[in-house]
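Let me begin by presenting the structure, written as structure tokens, before commenting on it.
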Amino acid sequence: MTDNDAPSPDPLAPPVDLLAIAAHRDDVELLCGGTMARMAAQGYRTGILDLTAGERGTDGSAQLRGEESDAAAVILGVTARRNAGLPDAGLQNTPETRQLIAGFVRAFRPRVVIIPFMNGRHPDHRIASQLAYDACFLAGLAKLDAPGAPHRPEKILYALTYREDAIKPSFVVDITDFMETKMKAVHCYSSQFDGKTWGGEVFPGGDRPLYDQVRMHAARYGSLIRTEYGEPFHIAETMRVDDVLTLGVRSI
Amino acid sequence: MTDNDAPSPDPLAPPVDLLAIAAHRDDVELLCGGTMARMAAQGYRTGILDLTAGERGTDGSAQLRGEESDAAAVILGVTARRNAGLPDAGLQNTPETRQLIAGFVRAFRPRVVIIPFMNGRHPDHRIASQLAYDACFLAGLAKLDAPGAPHRPEKILYALTYREDAIKPSFVVDITDFMETKMKAVHCYSSQFDGKTWGGEVFPGGDRPLYDQVRMHAARYGSLIRTEYGEPFHIAETMRVDDVLTLGVRSI
Amino acid sequence: MTDNDAPSPDPLAPPVDLLAIAAHRDDVELLCGGTMARMAAQGYRTGILDLTAGERGTDGSAQLRGEESDAAAVILGVTARRNAGLPDAGLQNTPETRQLIAGFVRAFRPRVVIIPFMNGRHPDHRIASQLAYDACFLAGLAKLDAPGAPHRPEKILYALTYREDAIKPSFVVDITDFMETKMKAVHCYSSQFDGKTWGGEVFPGGDRPLYDQVRMHAARYGSLIRTEYGEPFHIAETMRVDDVLTLGVRSI
Amino acid sequence: MTDNDAPSPDPLAPPVDLLAIAAHRDDVELLCGGTMARMAAQGYRTGILDLTAGERGTDGSAQLRGEESDAAAVILGVTARRNAGLPDAGLQNTPETRQLIAGFVRAFRPRVVIIPFMNGRHPDHRIASQLAYDACFLAGLAKLDAPGAPHRPEKILYALTYREDAIKPSFVVDITDFMETKMKAVHCYSSQFDGKTWGGEVFPGGDRPLYDQVRMHAARYGSLIRTEYGEPFHIAETMRVDDVLTLGVRSI
Amino acid sequence: MTDNDAPSPDPLAPPVDLLAIAAHRDDVELLCGGTMARMAAQGYRTGILDLTAGERGTDGSAQLRGEESDAAAVILGVTARRNAGLPDAGLQNTPETRQLIAGFVRAFRPRVVIIPFMNGRHPDHRIASQLAYDACFLAGLAKLDAPGAPHRPEKILYALTYREDAIKPSFVVDITDFMETKMKAVHCYSSQFDGKTWGGEVFPGGDRPLYDQVRMHAARYGSLIRTEYGEPFHIAETMRVDDVLTLGVRSI
Amino acid sequence: MTDNDAPSPDPLAPPVDLLAIAAHRDDVELLCGGTMARMAAQGYRTGILDLTAGERGTDGSAQLRGEESDAAAVILGVTARRNAGLPDAGLQNTPETRQLIAGFVRAFRPRVVIIPFMNGRHPDHRIASQLAYDACFLAGLAKLDAPGAPHRPEKILYALTYREDAIKPSFVVDITDFMETKMKAVHCYSSQFDGKTWGGEVFPGGDRPLYDQVRMHAARYGSLIRTEYGEPFHIAETMRVDDVLTLGVRSI
């Protein structure tokens, strides 16, 4: 059972290795559910921080979506899932919200954080990206007015899934063995996706069901690294390689 | 029945509206088979010029591939398919080859020509792109030493299918209603594709059969214009629009 | 006569097909006056929403600029022009302003919205772009606290006119037949432009009068699509094409 | 009087400070005629090397175009204009042509060389760019089999005029005071341009005469540096600045 | 002695030619200390505006950092250094902060302003860039509610030093003769840098001391213009050139 | 002792894991000497193929440069170094040269091949890049007319060292522990580098000795991955990642 409730920072939140922060319940599943499942399976402690409770979504309710996200968290094997309780469709990046999220970051103490890409169809997604980044930075300042001991993650990964910008992923994570896990987690959100052809950042492909769109996109990202399914990420810094003989991914 | 034989320019080649030029038999089907089929269905005369006979392919033979391309041409509804007889895996862009291809262009007299993108995994694909472009330009010079009356196409479309460069398509053609036709044409090349997971510019997606890779890629291009299946193109010039209310493709 | 007055959303605002939103009176005329005139001439209902009244402009007054924009609206043939009454040179993108503009969007119910590009010399232009985008998205949420029935436009077009960024337009609209109409509308703002060599995002070309700069820029955009005059736009999504034989714009 | 004849390197060619190399007679005038005139007026010795005699142009003849280019050279004030006699519409970049052009470079001994951009509508333009670059490099090798003493120019400028690629000029030269000189030089080529709306890399702007297209483009490049007329250039290396207070070009 | 104290706009601030605005004391030294020193040596009046007092830095105190920045200002030869007193690690771009900074801009009356690049590791750096730009624009509005006479700088330079984005500098300033001055100014901040391998936007190079990292980066920027040391800048507009024979920077 | 002599493919050439191909003796050392040394130290078999003997270099002779490259090969620990004997300053990418180099590729049978970047100051570097790529592809064709059994490397790495293009490396290899080995190998070429400030693609940094320029560049690439020294590479395909917790390279 996951611990999916606290609308404010919980000083007892268990530390994790990898934290995913996104605006709405279901965003993490769509963007990087396979990567979260794979990292958990590889023995890492993982966490999710949803910034809003989704109370302004057209379908479902904050209550129902909370139950759905609880179920998805179990499937993804996350150690803890928290909700920051910020206003849905009304995210703002202010000193106050930065401080709030910095508190969560200090509680989770992640080494690596996954956040949404800088652009997005939904304004909340764009703002969530910047807010999460800023909070990760500020969490490391000893003199910040926020609960918890100073902690700054080492690395920020931007989830690129579904983006249509002409940007090449810095890397793709092979999620072939975790594709069905990802789909199971996405299916938890039946209030949002059943019978739909699109939602969130997932644009429609004619009448193709959203679940098939999700699978098709993962297949395409996988083909970039010559595997069945993948999830793409962007980083601002450069990739380090220690062995050029084990890079994989045929180029010719 | 198509007219798929002449290894040199045929002054009796029927004029077409749209001509696709590519290096190897099966390239046109993979890159833009849906678009060729759709344009034929919309009443345009279409043609294909294969630059080589594919005699150096590991599988099959030039003879067998010729029969396969004949069958595919019928399925795509092209008016005429020609073969320039240039050396497979040895394409060169020289005054002589430019003149040869310019002769074909003058015979076909197309208004629009589809050619491969400037980059490619196979050297022939890169060279075919430049050779075809140059020939289209030179075909218009009255003083060029080549058979036929001067003719320069108005427009060059670069087929982007399967390219992994970080380049946004100038546009995508909706091929939803012609996807099965495209797949039938691709299936004609059983000597090349049966039991394969990759080939040409199509990189593998793990163990996914090549035919499914082709379909998956078309689905992804389709999603860029919110339809089931599409084929992407690049143009060097700018798109013209006369009515901003009929653009389609939801952006928000 | 146009209806150019209301400083707050008017529930009786007539629905339009195409809405242009910009920061200052005269911005729409400079950015996309030709396109607005052409779409009206093609039978569409068009509207303009000016976010501020221009009370901080160095020349003229809010009152005078209101009369000028009334006159220009008539020339462009718009169905309705509204003013959101936000502070000139002080635009902000907040939950409150987003809600206000979302109300206007719900009243106008446009299918397509033209907004300024994301960058700009004037801070108001950059902020207007983001504010307008966000408001268009939020207007579609059933649970948004704003007057009017939920409505989300299908398409957002960014006006690129005068931008010096190295960005290729997604498309250019041919405004050759509406160039004089555009110039007449621009001339309405004599308090702003008479005797000037630059203004707004229009940088000077030595001593060339601003009116000639406007015409010169339109000529250059026109040359991108091989016509006399044009207006350029950017879209985040991909262009859809149904017929590659009627694209126009010679490439070779 | 200019010295415009030799179809092969002339060991007596006068050394120049600035050399412009292009494929066809009239290319230099269109691409950088204003800059050539301005540099001559500033006291520099300038030269032009036309790679071909234009014998395959649809209009005029090599003989007539030679006379036209003589006249234009006088107007631009160049010290010497040479013709390399390579085949029109058949330029190639081979060891032989590189050696030939390297000989010219050694004769002219320029410090700076202007060449066409790497892309172009006409294949000769693309090849001229690469051929000229390679020849400039090789001319500096002591052991190259070519007449003349080793000489390598310090700087290569790519002329960007008329290019539609999304590339920002590295810099623009203010040619306001030399615009009429440029136009006079362009008008010398009446066999090519009289009554035309397009030619070379200049695409048409509807029915606007080519001469006006040339002027309009120069006006637009000028506006990038806030002057009346300009010519744009690209360099591969970085600009050096010694005084940030004298950069000019208003940014805000 | 420099004048480094006022936490609010000082109407008596001496006018300068060049003003550098940055978030934290020591930012200007790291980003453009060599350029500031060189411009002062060339006879220009220079100024620095630090937006915050650095009270939230982990090391040192606002008081100590003030003394350090006083010392550095003397070394760089600036006419005046001011501090805007905005909250460290809490910068915001609001109408109020824009107005405050616009007041400083009006007091300094600079012709050219150097500001941080649009992206940054520290959120304050990103926000400082936008805030400074907006304030420079608004300072020119006659009707702005801020002390001082309207004044808008002509030019905005973005300091690119240490940025890892794939962006080519618009230009590099040769600071070879002022490298030791820059290092002396950086050494003033011993509370921040002594014994450190990284800080600010300077990422570590293994165990290499920060002071050596600073020098190494300057050497690399210098190599872009073929000199020993340099500082890189970005501008949104285009470079103007009046003499293509004196550009320097070997390209071949 | 290395085996550095054969001017034509040697069917007895030992197979290697990693092969570096470049135009001139000393190119491999400058571009990727650290990576070659590191991979050898990690137990891989490495090889070098120099395309030319450097007979047209201004300094030294082909004989002397052969001895220098022998010495460097020993230092880098390569299994075998070969010379293709193609003409210095006269490289061409033709069916004949592609076939020749394909023969070497078949003899070496590398899994990964390092080649120069697509652009370069020296024309040989640009051509070497394309020639090497094409040969690697063609070597895999069963029906190619070249000695040896078909073999296609899996991966092509483009060495980015010294490039000034605005391109972000796909990855950087940490060569900190092999920097002195790289410098020793570079020092072998005393006929080329002693007393020089620049050479090959290494542009000068004022009067800084070339050896220090090499070190400075490696330091800057190292800083991109937060280490002391590095070498940068570009790949056309996407990076695959299996564990996002072990990426290293601090981003915040």
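Order as written gives the chain letters A, B, C, D, E and F; numbering starts at 1 within each chain.
Basically, contacts are C-beta pairs under 8 Å (C-beta built on N, C-alpha and C of every residue); 3 or more make two chains touch, one makes a residue touch a chain.
Here's who's who by UniProt: A, B, C, D, E, F = Bacillithiol biosynthesis deacetylase BshB1.
Everything quoted here is computed from the prediction, not taken from an experiment.
Chains that touch both chain D and chain F are the following: B, E. For the pair chain B and chain C, the CA-based superposition corresponds to a rotation of 180 degrees in steps of 5.
Listed options B-C, D-F or A-B contain a single repeat of the C-E interface, assigned here to D-F, on the basis that more than half of the contact pairs agree by residue number.
Placing every chain at the mean of its C-alpha atoms, the farthest one from chain A is found to be D. Note on chain placement: the centre of chain A and the centre of chain E lie 36 Å apart, centres being C-alpha means. For the pair chain C and chain F, the distance between C-alpha centroids works out to 54 Å.
Shared interface positions of chain C, defined as residues touching 2 or more other chains, are 121, 133, 137, 164-165, 168, 203, 224, 227, 236-238, 250-252.
Taken together, the chains touch in the following pairs: A-B, A-C, A-E, A-F, B-C, B-D, B-F, C-D, C-E, D-E, D-F, E-F.
Partner chain B is touched in their complex by these residues of chain A: 121, 164-168, 176, 203-208, 213, 216-217, 219-220, 222-224, 226-229, 250-252. Those residues of chain C lying in contact with chain A across their complex are 94-95, 98, 133-134, 137-138, 141-144, 236-238. The touching residues of chain C, counted against chain E in their complex, run 55-58, 87, 89-90, 92, 119, 121-123, 164-165, 203.
Contacts from chain F toward chain A in the complex involve residues 17-18, 35, 39, 42, 44, 111-112, 114, 133, 136-137, 152-157, 168-174, 224-225, 227, 232-233, 235-245, 247-252.
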